[in-house]
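One chain, chain A, appears in both complexes that follow, with chain B as partner in the first and chain C in the second.
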Partner chain A sequence: MNKNRSKEYDVIIIGGGATGAGTARDCAMRGLSVLLVERHDFATGATGRNHGLLHSGARYAVTDHESAAECIEENMILRKIANHCIEENDGLFLTLPEDDIAFQSQFVDACSSAGISTEIIDPKLALQMEPSANPDLIGAVRVPDGSVDPFRLTMSNALDARLHGTDILTQHEVTDILKEQDRVIGVELFDHGKKEKVNYYGKIVCNAAGIWGHHIANFAGVNINMFPAKGSLLIFGHRVNKMVLNRCRKPANADILVPGDTICLIGTTSERIPIEEIDNMYVSKDDVDVLIREGVKLSPSLATTRILRAYAGVRPLVAADDDPSGRSISRGIVLMDHKERDGLEGFVTITGGKLMTYRLMAEEATDLICKKLSVDKKCETASIPLPGSEKSEETLSNAGNKIYTGASITQKSAKDRHGSLAHKIANGDSNEDSMVCECEGVSIGEVKYAINELHVNNLIDLRRRTRVGMGTCQGELCACRAAGLLCESMEEAGKAKDDLANFLQERWKGMSPIAWGETINEIQFTSWIYEGIYGLKPENN
Partner chain B sequence: MKKEIFKPYNVSDNNFEQCVKCTICTVYCPVLEVNPDYPGPKQSGPDGERMRLKDPEFYDEALKLCLNCKRCEVACPSGVKIGDIIQSARIKYSKSKPKLRDMILANTDIVGTMASTFAPIVNTAVALKPVRKVMDSVLKIDHHRMFPKYTGLRFETWYRRYAEKKQKEFKKHVSYFHGCYVNYNFPQLGKDLIKIMNAAGYGVHLLEKEKCCGVALISNGLIKQATKQAKHNVEAFKKSIVDKNMPVISTSSTCIFTIRDEYPHLLGVKNEEIRDESELATRFLFRLIDEGKLKLAFKKNYKKRIAYHTPCHMEKLGWSIYSTTLLRMIPGLEFVNLESQCCGIAGTYGFKKENYETSQEVGKPLFEQIEKSKVDFVATDCETCKWQIEMSTSNKVQHPVSILAEAIDVEATMKLWQE
Partner chain C sequence: MKFDNIIIGGGLSGLTCGIKLAEQGKKCAIVSSGQSAIHFFSGSFDLLGKVNGEEVTNPLESMKFLPQQHPYQRVGLENIERLTDEALHLLIRAGLSFTGKADRNHYTLTPMGVMKPTWLTLNDFTSFDQKDSFPWKKAVILNFSGFLDFHTLFIKDGLKKFDINAQIKNVSMKQFEAIRKNPSEMRSTNIAKEFDKGNAIEEFAQKANLLSEGFDVVILPAVFGLFNKSVADQLKEKINKPVLLLPAIPPSVPGIRSQITLRERFQELGGTYLLGDNVEEGIFEDGRLLEIRTNNHGDIKFEADQFILASGSFYSKGIVATHDKLYEPIFGLDIDGDNNREEWFDEKFFNDQAFMRYGVKTDENFRALMNGEPVQNLFVAGSVLGGANPLKEGSGAGISLLTSLHAAEQILK
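Let's turn to the complex of A and B:
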């Protein structure tokens, strides 16, 4: 075991979700020496398993004024600092015949008191703006909703943290919190790559492990009463809607349809689950039924649209009262100084909140950490853009104009995904421009860039960085190509085969709850290719 | 990244999400094989459509390289209407405006009217080298291209003068959609059709003012005008089919394909009432023979070796079998079936300077096959294939209807049904 204490960080941050990555960035920008540890990969917790809705706050306006106000403020900030991770689609809150139209004015009032701009739209005009909306609608309100790509957002934060000197360890799981008397001094990690334990030391340990913060706190000997609320979602094969569609009523099941990148998502359900089940994210048949049944009310064409996957995530809410549905409790930010709460020095927990408010959470956590370390530097994350979101002359429309070839799709996609960093992806070279993933337009150059610069350990990580395998074929054509490239640069052949099998298994996991129609055809074809032609066997998994 | 949100757009059109990414279409695309700048049917079609739904900026102008041959659609095992997806995307998203050249090429009927009025002058002029040089550099119409000759006596005029009266003598009747080519360039084909149909006991009538089917307007992006003409034609077809119970036949595979399939798919012009009764003359005849309602008698001394080329739209319609079966009925006709391949012209596509090379590369294997086949002439149902093959090989091309007209024994055939 590593007993070397020569390197002591100012702060060790646990959890590579948006909150952890954002806190690492903020701490590093304020001049702290930072270690960010994550047990799997970035955005593998709730951050990578949510709706990707860039809330305007309207959804909470009536029930939770504080969250609504936080949302709209952060919404406006993210438009500036993270423009390559978000889409300013705007949203419509639809009133359907079965809803109470009187709610609309209450809703509009609540929005304006939270600072959210609204515009009541004539149903006919609303249908023109969003032809996929339910034509029976009797009312519509436009709000500044949008979508956010959580993978990109988290990675950009991690990337910037690294640029500011943060050390990053993925595949490192916290297995214990090291203490000296009533003071936390570091973490014990299990390195999943090397399969060994290692200790790291820091003046402050920040618990940003989302719902798993419950366990982390236990390691430190304190108790946080988490309220795990599972939510399931369905991904459709392409965009049906251009604007975010919501129901204009009190939040309920499956009442948001979010367009995000090439797909759209309907969600979510909400169900309290025991803390023991937070690593077991299955989607039940009933969940799927509810999602389709309710989704079709927002946009009838969903009934005939191909479903790509189903998945679920757990909201990291902190239990406040005994509400069994978990919906009416505040989505507010929870920041705990365990010195004050439990008499434990050097330990801080940041949780609750939303993806939307990750930056604010990071700011509040960093303010506290800085105060503890007597560092006096102001937060700048609200004004300095993330890497990739800096202003750039290049727009999507001229990204592919340099050469007149089929490579235009890969160039535009790279620009879309990596913003102003797209120039790091070689283009104009017909080999580098050739496609790995055809559904999502990922080029060889982009895969190489991700492998070299974006902390990729395996194919699944690569998917989160580039969208390889996220299209309708779910890895059928691209998985083997990507595996080849990854193998060239890092893995031994035997391991690559297992990696490929894992990747395909992970894809299948998301498809199995909705495996019918084209999806079952596709998966059949995929297994035929990989088992039949490439000889991949079950024991590779 | 603020995006335009007011434009309505379609959901799951043309079965695009049925694509299982098998990539078979890509193998069958004649353009992709010769021009690596073209993204290919899968990328331009179902894959690209997802991107374009995400953001219209993903539209790639390279889609104009598509010949609209629909060979990808024929190949697709999942029934994805790839060609339609690509053409609809061009209609919806293309920002490049049709050029003067495109307007000239697209307006086959207006240009035809003018050109046939001044046929001798136009024919000599466009055949002259200096004129072709100017067309090449100013209009970007490739100088290798010879325009088909324009006729001095339009088919419609000929028909009214010499044929119309006689048609009333028959008991059964059909309408004939002759298309621009027969009217302005090659009235003989129309005359041949009348000869056969009359021999078979059918009177042939013209529609109440047919308009150009609009295929060239569609491929050159002149959608408004194409839609107007489509609506006009559907009405004219209705008058014949619904009101007078007279089916409409045509000798142009492209015209009939456009009217049957492209009208509803690309222009959104409904045609259910007329679709089933609008077909190719060869299919019409075949069906009569097949049902035992007609017999053809042929001349004894006819002797020719011919090769049949399957035009892309015949492949898509699945109708070449009707033309070839009829041809094979002719005693003394030695029949060679050419491998089904695109000739590369695709209507006005190959006339454009920037497409000339691609066009010839696409057709090359076909031309080689034709040269090797040592036939008296080539048979095909499409007029633009005819130009391309005549421009690119040493062979002449005949329409199956013209071949039938030459081989048929009119008197003997008439006797068969008059008995």
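Let's turn to the complex of A and C:
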């Protein structure tokens, strides 16, 4: 085991979700030396497994005033600092004949007291604004909801953290917390690439591992009462709705339809699961059936829209310390100084909250870390834009213009994905412009940029960065092309073959719960190509 | 319009059945809505590569281990050898040339560098007798600059198993500059079209000869000869080393050429081939199919004495799945499969998937069942039949060829 203590970081942050990446950025901007560690890849936890709803807070207005107020404040901030990750679509809260219209005025009042602007829209007008909405609606309220791309948001935070000096280790799993008496001094990591253990040392260790924070806390010998709540979602193959659609009633199953890029998402179910199951994210047949049944009520055309994938995530909910039964679960931000709570110095946990409030969570965690390190520097993340988000001549959020044709397709799609960083992608050279993924417009240049600059270790990472294999062909041929490129950069063909097999397995996980219609046809085709013609097997090496 | 026989589906089984019937003087029509599996063809027709997870050396011998509901068992094992012979000769008469024997599998090399057992290999490609040796020592893999669809590194890696350290070299061709400019044009079929024109081949062969000096074999992507059938042969003549072609990302150039060759043979025999038309429904009377209606021909009815359903599996829409059922979309024939979608799949992508075995139910003479009763004059052939997982078994083309010849024999009786 590596016992090199020569470098001690100010802070080691565990977890490459929005919270961890955001905290790394904030800490680094305040001048701390930071190490960010993630066991898989960025946004593989709850961050990459949610709606991507840029909440206005309206959804919580009636039931949770505090969350609603936090949401609208962060909503306005994200529009400024992360505009390349956001689509300003606005949202409609629909009242359907089966819902109580009286809820509407309660809802509008609650919104305004939380600072969320609302506008009651005549049902006829609402249908003009959003033709995909259920034509039977009897009421509609417009709110400043939007969509956020969580992958891009997390990557931008990680990139900026790196620009401010953060060291980043993906594929590194925390397997223990190192302690000296009552003080945490570092982490033991398992490097999944090299298959070996290494230790890293820091003055503070910050647990931002979402639901897995439960295990991290246990490594440190403290206990956090996590209550994992699984939610399933479906992705549809094209964008049915322009605006976010919600039901105007108390939050329930499958009542949010969020558009994003060229697709839309319906979610979510909510189910308590045992902590042992948090790594087993299957979507059941019943989940799928509920999501479709409820989704069709929001937008009837979903009944005939192709479903691309099903997936599930786990919300990192925390029970109050005095309530181990979990009856009064908080949905708000949970920040723990384990010195105060458990007498353990050098250890901080930031969890709970929402994707929406990741920045605020990062700010609160960083404030605490700075206080502990006696660093006196103000948080600036609410005003300094993320890389890629700096003002550019075009607005990137205009989804209506997203159908591109002609040779510039790759540059435009790349711009949508990487914002003003798109200039880093080589182009204008027929080699770099060659298309890897036709339905998502991904070029060789973009793939190479992702491999060289964005911590891509395998095809699944690449999909998260570039959308290779996210479109309607679901990675049939583009995955193979991309594998070829990845293989060139890694110079390890055997690994690339296994990687391709893993990629197909990962896609299958998302497709098998919804594999009927075109999807089953394509799956059969894909199997013939990869297994039949290419002779790919799960264990090539 | 009245025919002796109408075939629904212009894939490998529809075409073979049509050729066989037309060769026997029947007035036939094939209606085909679109692309078929042969467009993606590896270059080899499989008969039987695996039974119960064990690799097969003699397919004719090993068929007795197949379950009773398997199409080969239903054709009758006593008929198989004759039908394999007949299939080969029918393909040769059509103008395709192959190597391979039904009683002994040979091997082909896949682009992942795996040796796969198979029955008939198109002469473009190389067939190997042994799975664990490679007949050459020094190999060079040539690719066209900018062509993403040929996986040189995977091939190189695969060859390491045979202790071959292959070299990869790129060839730049000015003839491809135009297609390289458009980001999505550098694909197999477009390269093949350039070679079809005839002017690139000489130059390419010269470059290949230079680059392959000191090597024993030249490995190239199979992108030669789309419409022009002699290109692959010309190439092999001009390159002064053995040439080993390997599949690129589909569509498959030799596959499309094979499909065209079979279609032309059918048309030369007087057959009517309606491409891009979809059969929508049929009219039945007293347990017989009287006529079918197609999308392009509206009210015009297509009548025949016998019909053959060769509409393929899911990927060709011969069978359709919705969230709560499976069905045969043209006639609503009985399906051999489970309506509960939880039964269709295994959670592991590379495991045996139950849905691969689903297909149209038939009686012992391969007549389609409808509400449990056979339709007297509607035969079923090819991958629309259930009862086998041709991917796991390596029996795709074999089932299509043999069941379609068998159906033709029933009709000719």
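A few remarks follow.
One rule holds for everything that comes next: the second predicted complex is superposed on the first by the 514 of 541 C-alpha atoms of A that agree within 3 Å, B and C clash if a C-alpha of one lies under 4 Å from a C-alpha of the other, contacts with A are read in each partner's own complex, and residues count from 1 in each chain.
One rule holds in what follows: a contact is a pair of C-beta atoms (placed from the backbone, for glycine too) under 8 Å apart; a residue touches a chain by one contact, two chains touch by 3 or more.
As the structure is a prediction and not an experimental result, all values here were calculated from the model.
Once the two complexes are laid over each other on the shared chain, residue contacts for A:Glu87 go to chain B alone; chain C is not touched.
In the superposed model, A:Gly532 makes contact with chain C only, not with chain B. When the shared chain is aligned, chain B and chain C each come close enough to touch A:Leu477. Within the superposed three-chain model, A:Glu453 lies out of touch with both chain B and chain C [touch as defined at top]. Touch criterion met: A:Glu438 reaches chain B and chain C at once. Of the two partner chains placed around the shared chain by superposition, chain B is the only one that A:Met129 touches, whereas chain C remains out of contact. When the two complexes are overlaid on their common chain A, residue A:Lys497 makes contact with chain C while staying clear of chain B. Of the two partner chains placed by superposition, chain B and chain C are both touched by A:Asn521.
Look at A:Asp191: by the touch rule set out above, it reaches neither chain B nor chain C.
Touching of chain A by both chain B and chain C, each in its own complex, is seen for residues 409, 430, 435, 438, 477, 521-522, 525.
Contact residues on chain B toward chain A in their complex (touch as defined above): 1-3, 5-6, 8-9, 11-12, 16-23, 36-40, 42-43, 46-51, 53-55, 57-58, 60-62, 78.
Contacts from chain A toward chain B in the complex involve residues 83-84, 86-90, 128-132, 237-240, 242-243, 259, 261-262, 301, 304-306, 396-397, 400, 404-406, 408-409, 412-413, 416, 430, 435, 438-439, 441, 471-473, 476-477, 518, 521-522, 525. Touching chain C in their complex are the following residues of chain A: 282, 285, 288-289, 292, 407, 409-410, 430-431, 433-436, 438, 443-444, 477, 480-481, 483-485, 487-488, 493-494, 496-497, 501, 504-505, 507-509, 512, 514-517, 520-525, 527-529, 531-538, 540.
Note for the complex: chain C touches chain A at residues 37, 40, 42, 110-114, 116, 145-146, 148-149, 151-154, 156-157, 177, 180-184, 186, 247, 249-250, 313-315, 317, 320-323, 341-342, 344-345, 347-350, 353, 355-356, 391, 396.
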